[in-house]
């Protein structure tokens, strides 16, 4: 165990802690269900459903009410939304809905409409930004240590 | 006067010159012997201000080789492997161009005399493209004559020259030496060099070792 | 053979730069990923800015350092300055490439395209091309003195060219594309500023640390090579004497 | 005044060499013709489409032929190591630079003037009224290309892989010249009022001045160890 390894071990531990903290922070937002899962499992309470607004199904009634069908890969859900219609509620748009599944009426009562969080892009950007720098720095410090050792070993190095 | 102080030159991994110390006084001709690849040309190029030494410094005519290059160049001629001639120009044009860049404007008589002296006066209006290697060397020598340098660096001057050409060159070197000029030449040819050289040295793997010139006669490296 | 005194200094102080860089980056990452709210317009995607903008800043900072180093080299002809220039050019190329990469990742969710001929993206691409040209140029020269000199010349000419490239691309873009897509769309509020500041400072410190390490690396490499070369020819010399 | 005479002698030497060998200009012209031919095969276009892309094609052809000329400018100095003689000139090297820029500019400009009628004929362009403005664009852009190109020609001639490195180093740096020249040429060919593209002419003029000065200064370091 050299000094170099200890230092980089510390950096790795810090990185892991940061990744765990971040993942923990966003875990609730990351998990969302698909429409077919909602139909099959009929979960209770607040859930998040991800899907696309099916073309030709969006109907707005007045200022605070809208119905449409949310399309997943294998199934679609009828959605009833009450509240001020957000700007991003358009046909063929991919959305995340927060609300409850009404099993009796087979309707999803949406309370909030959010755009799909692009955590993939964010994670990609941070990994692309930091990982190469860390790897490069690690390779460079290792090489510097190696070169110092080499110089000492070949008796080219004289203490002042 | 040429004075080298600890000149070293490295190309990456390869150390061409090592700590070369050499002083050549006015009126002296130093012959630099050495096997191929021993760094003769590199040393001449460093002294001709074409390459910067990696370590050490030198003085020519008392002027610092790294700080006072323009003044050194005005007083120095380097007769190199390449003859510094343009193929598409004829002999007269080549001389006029090369000397104009150095600030000399020789008269037609001067040019004619120089060309006659190197015995190529008959080819003065021929393109250099059609010259033989020896003729090119002679023309380069004529250029050197017209430039009237105080310091002369000759890189293997006898290659491509015939016996008569070598004699013209030696005659010119003697003339420069008697006019207090300084000559450094690199060579492989002991017999052609012997009549003009006052001092000699061998360059081996970039390290210079001065020797009496007679000792070099039997040296297998020469 | 002794190690150059500048390298000794660097060796002694580099730890402080590395340590403070790590601290700043940890704070910046925490604030950027967890501690700050999402942007009103861009949502969570705005967090990419905290990595992209510091990378881009640092790439420019690196190029400025390269230019100053090149001028310094042409003035003083100190080989250690050239080691620094070579080190900074490699790092500048890495930072520029990463800034471009993260910029593309940011562009996909915000403008729904990986690439747009935006003035900044385009001038960064040209900058990357110049830096790659610089690194290639250096590999094609045998004499280290020439290598350093030519590199310095290219770096200085490129530095003068960069603002002109930026303006010409900007004019050209306003002529050919509507203004709808523009990086200027992000108005920076104070909530975004704090993590950005930490990340920028941290990235600059990280760059300084990497520069110190890389300068050492190139210096030691050359030192070892030179010494090996000298030993080799001394070996030949002793053989030819005997 | 010696510097001025150095400029004159360098230009004289390059012109005489070119008149006798005809290597540079003829190779540039034929290369450009081939480029034009290939472009006209790759885009089959009517007159309207031609108007849109012709300026771009023209400057791609001019830039590539220019690089051929610039590369030759110093590679001819390599025969018999003439470059060493230039390096040993006991004058400031700026005079050599200016002489070489003048010669390179002249060759490139002549080639452009020779090629322009070909473009007019092959792509059925209407003959323009603003020919003097077009000449001004050619002049400014060619000064810019030769100012920076001469520096890099002198630099790359002393390294390995020089034929490849000249375009690799030069083309990113002349991006502003290419953009401005294409836009201004397009404007002049369309017969737009000059006010619409005068900003490009200004950009070219600024580029010319800046890079003549910078290259003049840097040439000293290219030639002198």
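The letters A, B, C and D name the chains in turn, as written, and every chain counts its residues from 1.
Going forward, a residue touches a chain if its C-beta (ideal position, glycine included) is under 8 Å from a C-beta of that chain, and two chains touch if they have at least 3 such contacts.
Computed from a predicted structure; not experimentally measured.
Comparing per-chain C-alpha centres with the mean over every protein C-alpha atom, the closest match is chain C.
Chain pairs B-D and A-C differ in how many C-beta pairs are in contact, and the one with more is A-C.
Most remote chain with respect to chain C, judged by CA-atom centres, is B. Between chain B and chain D the centroid-to-centroid distance comes to 38 Å (mean Cα coordinates, whole Å). Remark: chain A and chain C have CA centroids separated by 29 Å (rounded to whole angstrom). Work out the mean CA point of chain A and of chain D, and you get 52 Å between them.
Note: centroid distance chain A to chain B, computed from Cα atoms, is 74 Å.
Contact of a single residue of chain C with at least two other chains is seen at positions 142, 145.
Among all residues of chain A, none touch two or more other chains. For chain D, residues that reach two or more other chains under the stated contact definition are 225.
The touch graph of these protein chains has some other shape, matching none of line, ring, star or complete. Note for the complex: chain C touches chain A at residues 1-3, 22, 26, 29-30, 33-34, 43-45, 47-48, 51-52, 55, 94, 98, 101-102, 105-106, 108-109, 206, 209-210, 213-214, 216-217, 220-221, 223-224, 227.
Chain C makes touch with chain D in their complex at residues 74, 126, 129-130, 133, 136-137, 140-142, 145-146, 149-150, 152-154, 156-158, 160-161, 164-165, 167-169, 171-172, 175.
By the touch criterion stated above, chain B contacts chain C in their complex at residues 10-15, 18, 51-52, 54, 204-207. Taken together, the chain C residues at the contact with chain B in this complex read 77, 142-145, 225-226, 228-230, 232-233, 236-237, 240.
By the touch criterion stated above, chain D contacts chain B in their complex at residues 2, 5-6, 9, 12-13, 16-17, 20-21, 79-82, 84-92, 224-225.
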